[in-house]
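Some structures to go through are shown next.
Presented sequentially are two complexes of chain A, the first with chain B as partner and the second with chain C.
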Partner chain A sequence: MRKIGLEDLRNIAVGASVLGAGGGGDPYIGRLMASQAIEEYGPVTLLDPLEVPDDALIIPSAMMGSPTVLVEKIPNGKEIIGAFRALEKHLGKKAYATMAAEEGGINSMVPLMVAATLGIPIVDCDGMGRAFPEIQMVTMTIGGISATPMSIADEKGNILLLETIDNLWTEKFSRSITVDMGGSAMIALYPMSGAQLKKWTVHGSVSQAEKIGLAIRSARKQKRNPIEAVLKEVRGFILFKGKIVDVYRRVVKGFARGRTIIDGFDEFEGKRLTIEFQNENLVAIDEVRGVIASVPDLICILEMETGEPITTEGLKYGYRVYVLGLPCPELWRTPEGLKLVGPKYFGYNVEYKPIEKIYGGELEK
Partner chain B sequence: MSIHRLGIDVGGTNTDAVLLENEGVIAKVKTPTTPDVTTGIINALEKVLAESPIPPEDIEYVMLGTTHCTNAIIERKNLCKVVVVRIGAPASLAVKPMTDWPPDLKNVIGNYVYVVEGGYEFDGREISKLNESAIKKIAKEVKGKVESAAITSIFSPVRPEHEYRAREIFKEILGEDFPISLSCEIGSIGLIERENATILNAALVKVAKRAIEAFIQAIRSRGIKGRLYIGQNDGTLMSVERALSYPIFMVASGPANSVRGAAYLSGLSDGVVVDVGGTTTDIGFLSKGFPREAATSVEIGGVRTNFRMPDLISIGLGGGSIVRFVDKDVFVGPESVGYRLASEALVFGGKTLTATDVAVRLGMAKIGFVEPSTISLEDAIKASKKIVEMVENAIDKIKLSPDPVPVIVVGGGSILLPEKLAGASKVIKPKHFEVANAIGAAIAQVSGEVDRVFSLEVKSREEVMDEVKKAAKENTVKVGANPETVEIVEVEEIPLAYLPGNAVRVRCKAVGSLKA
Partner chain C sequence: MRKIGLEDLRNIAVGASVLGAGGGGDPYIGRLMASQAIEEYGPVTLLDPLEVPDDALIIPSAMMGSPTVLVEKIPNGKEIIGAFRALEKHLGKKAYATMAAEEGGINSMVPLMVAATLGIPIVDCDGMGRAFPEIQMVTMTIGGISATPMSIADEKGNILLLETIDNLWTEKFSRSITVDMGGSAMIALYPMSGAQLKKWTVHGSVSQAEKIGLAIRSARKQKRNPIEAVLKEVRGFILFKGKIVDVYRRVVKGFARGRTIIDGFDEFEGKRLTIEFQNENLVAIDEVRGVIASVPDLICILEMETGEPITTEGLKYGYRVYVLGLPCPELWRTPEGLKLVGPKYFGYNVEYKPIEKIYGGELEK
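Coming up: the complex of A and B.
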């Protein structure tokens, strides 16, 4: 157990932006909201998953929708508290703690804002170990935990409760509701017990984000290469280095879909990499070699010199970037995990290969 | 045929002017910046014309890079009182307008901040109906108290109608000529950054108008008929009309100019550029002939915006920096005698010990007419060490690896620096170093933009992109660029889901060199 203050919040925000793998939204807005809450209500208690009693009720909290919408239509601030309270009321029980559904971008910040405002702890775990675009894409689904009852709220004051037959239906209905709510909404879902949390979540994700953020921020201060500092923390690989020459984006059914093309330089001179995204970066395609990295591994775009993670909505023509490939949590590499978030689910007819098999050979040993 | 360009750059301490004939400098002057800025510009103009071997009517192009706007923001002076209206409630209340602003700047602009109902969803539906009566009430409330308005509506880059309507209401109540800045004309998606830039723009309209009108009057009355351009933040030039409506783009044109000027004078395309002025030293990074741009959000006077600007470190050190000894410690800057150097420095018979006096005492330069003997040699060495240390630290900060790089030293204050610096593979002080900014302004490129909506059902995305890029290039040629030099530097696409026919809004920017 320890406390999270304003400075820790900055590190978590930067690290969660890397773990967002392009998605999860710009944590700037989320950080402002969480800072405001911590300034008003005091630091937040971070619990290790093992510190949570088996019979405790944990309710994850998150923002749902398109990051492109969120940087423009900023929340009102009351949505998430309304959603959380509504779910507690429906369950007839107060939550012992909240947690992140995804430790990527703004969704690393939303539960901190909830925890500070309601005076409850946040657990050091999440349902992804990164960011993913859909509700059912959490490790809890592998464990058979239901996303519902779930509540969803907008800035106008609407709060809806959902009960669905499975998590895919939860995704479908809540996605249409999110689009009706203007492309972004606040949600409380996957209510679970402490025992379930211990077995079916990715442990240590908040600390992991904090470590990465701290590595980048101190490397910058000490004039060290921030890319190397990140790679030290996460066992990752440099996939590409180059300049962004095209960005193509659409909002389709509530998702920011598109692709970006990067022309290589230095050791990648003459090569071209295409990254396709649906909120998060999904696949990296080399002109000659084809798919060189794919979900569920993380494909992260970082500004070449500062190591600043660039989200898909922040991609701009002319940026000079590194593309990193990071291994995902092991739960995702099980057959059930790959069925949920493997390349085939996103419509790519390729077999998933763990990134270290392509680049490092670590797993083959 | 030869081409003549006049470049003028206004810094905190000096106003420089150069006259170029094709690629060569044929006249250059350095004059003190005056409190009103404009008098200094006129002085520089008169002096350079007096030195010029050609008549004024032979000058084809005039480029002005001025710090009027930057100074106004940094010094919190001459800014308009602004009424800030955000249209978008009940959304967005979690982060109110100007939340992250420095309190002193917020106070100068006036704390007339309102959030009203209205705004759009991403697909063009209304978040809520525009609260017209609230806007009328605000206009009546602020009448006589504010000089300018900044209006930002949620998703206005997709659908600007609520901003247009709010402008109409404001004009009905505050008058047809009341300056109103709309966010949809200034920035793109990203509410906070666009709103911040719009508020700063609104705060600057008065100072920009005064400066530009005085300048036009000055050049025309001296027989210069050439085309006039104003330097903007990305280092390119814009037309006078654009500068009057969007003074925010004039901010930070100086640093881009000094980096480009340094590249031009040294013939180098990579290295660190140290521009020592009278009050501050700007340290930038030259990469492949262009200033390295800051990657993400840029702060102007402590305010977050999403402008593209040179990545720059600014320290409070210059020729006019005041040197103080407290016990055993020496302090240089950030206070500066600024443009009063020629009367207050010891070497000019004044009473203030400045960095320039230190340099003269150590024989690094010959300036003024009084020997600065009141400072001991020991103290002068101590102060000089401090100055070098300040610059070396800043060079180290902007470099991203510890390897030594070439350092190009420019600006009038560069006499303060020795021939060797830690972290530098070599130190270069090119010829005409003291007027590098003005040269940078004179050789800057012009830019042209396109901002249009297309339907992707009629044309393919490739066709649309080709068409937009072509149009941006044509616009760049229209403002005077040589077609062979034009290239695309920025493309941005915003999907407009609310329009039938798969519509997108595309913004594109091209740059090119002026026709020779």
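Coming up: the complex of A and C.
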């Protein structure tokens, strides 16, 4: 158990954007809201998953929909509290703590805001160890934990409660509702026991985000190479280094789909990498070697000089970037995990190969 | 207070289809389900609105979506009970009785099925005195009664609860959810007190449907003119008599929109009437005189020989029909009522004129 203050918040926001693997949105608005809540109510308690009693009720809290919408449709902060309270009421029980559904830019911040406002702890875990675009794509689904009862709320005051027969139906209904709500909504879902949390979540993801964020921010201040700093903290591989020469993006069913093309320089001179994405980066394709990394492993694009993670909606011609490959949590590498978030689910007819297998031992840290 | 048995059910189904004014769907599936429930659990108690205690909780029950979908996607009967129970649980109180949201073909039957199955009475009233296509189009909205908390359920077992800021938002969310559920869903909504029911519903609509249905069915058996029989029971006017020569229909946002053209014969020889509809018949337009009837008054198309009411999805070339105009309940003629369901709401730039004003005293009964 420890406390999370304003400075920690900044580190978590940057690190979670790296783990977002292109998705999860720019945490700007989320960080402002969480900062304000911490300023008003004080630091947030971060619990290790093993500190949570087995019979405690944990309710993850998150934003759903397009992060880009948030910039113009700013949450008032009451909707997520309303959603959280509505679900507690429906369950007839108060939550012992909240947690992140995903470790992406915005959704690393939302549960911190909830925790600060309600005076409850946040648990050092999440349901992905990264970001993914759909509701059912969490490790809890592998464990048979239902996404519902779930609540969904907008800034106008509308609140809906869902009880669905499986987590794919939760995704379907909540996606339509989010569109009706204007493209973004606040949600509380996957209510679970402490025992379930210990078994079916990704442990330590808040700490990991913080560690990555701290490494990047320290390197910047000390004029060191931020990419090297990141790779000292997490196991990962440099997949590519180059300049973005093309970005193709279209919105399909509320998702940002597209690809970006990067032309290499230095040791990657003369090579070209294509990254395809659906909110998150899905596959990295080398012109000669084919797919060199794929979901569920993390494909992260970082600006070369500052180490700033670039989300898929932030990709622009001319950016000089590093592309990193990070191994995903082990739960995603099970047959059940790959069925939920493997390359085939996203329409790629390739077998998943763990990134450290592709990169042998040579680049491994 | 009286009991409704199987024979009464048949009369109500036919009469409610007349009051459906082209909408409300073919009651076939609904009548089968209600019949089965009455056979299994016994006759249903019909209460006069004035017999309901002021502090009693009344929950209307209904089908939402396209009635045509029901023919292939047959309800299993559990979804409406599930929806009803979920709303009771959410409210923390058992319903004293149920009632019809609208007096259309299917939705006259759904609450009878619920009442029989749960062993509670049905109240002799509804929220329209006819059928209308949207959730907020009930007399309860005029009285400021919220459509929510509302529950919505499908045959697969999904149940959603809505708490919206107004009844237009209820319509918006539940329409999307109904589409996701496959085009039809079962709903429980507008929970209200006995005192609210007395003031803001249309009284006597079940009895009126029964009276009309009995008149038509008796006339058929006795080879009398069913149209004359109907006009003996209710105040109404013959707007037209002729043959359907064209039907134009398209589905827009889950609604059946279109128009039918009828060429007159007998006393209407040489004349042509166009009826435009959105699920329900909205306006009747005479080639020379212009709009001769409009919402909220009822425009009903009945087959000439049998008096069988024809819903808008049942309109076909060649049918010989009577078009009747029936005055709507007085609540719809208030400024608030006309704002909700007047011709302007449906996009017609005409002032509403009560049908008995248009038809003077000459045809009035």
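Keep in mind that, in the parts below, the second predicted complex is superposed on the first by the 359 of 365 C-alpha atoms of A that agree within 3 Å, B and C clash if a C-alpha of one lies under 4 Å from a C-alpha of the other, contacts with A are read in each partner's own complex, and residues count from 1 in each chain.
In this text, a contact is a pair of C-beta atoms (placed from the backbone, for glycine too) under 8 Å apart; a residue touches a chain by one contact, two chains touch by 3 or more.
This one's a predicted model, so the numbers in the text were calculated from it and none came from an experiment.
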A:Ile29 touches, of chain B and chain C: first, second, both or neither? first
Which of chain B and chain C A:Glu72 touches, first, second, both or neither: first
Comparing the two partners chain B and chain C, which touches a greater set of residues in chain A: B
First (chain B), second (chain C), both or neither touched by A:Gly318: first
Partner chain in contact with A:Lys156 - chain B first, chain C second, else both or neither: both
Which of chain B and chain C A:Glu228 touches, first, second, both or neither: neither
First, second, both or neither for A:Thr164, with chain B first and chain C second: second
Chain B versus chain C as contact partner of A:Ala86, first or second or both or neither: second
Where chain A meets both chain C and chain B, residue numbers: 156-157
Residues on chain B engaged by chain A in the complex (per definition of touch): 88, 90-95, 99-100, 119, 121-123, 125, 127-128, 154-155, 189-192, 292-293, 295-297, 396-397, 399-402, 461, 489-493, 495, 497
Residues on chain A engaged by chain B in the complex (per definition of touch): 28-29, 32-33, 36, 66, 68-69, 71-77, 155-157, 182-183, 223, 225, 246-251, 303, 305-306, 308, 310, 313-314, 316-319
Chain C to chain A touching residues, read off their complex: 86, 90, 156-165, 169, 172-173, 176-177, 179-180
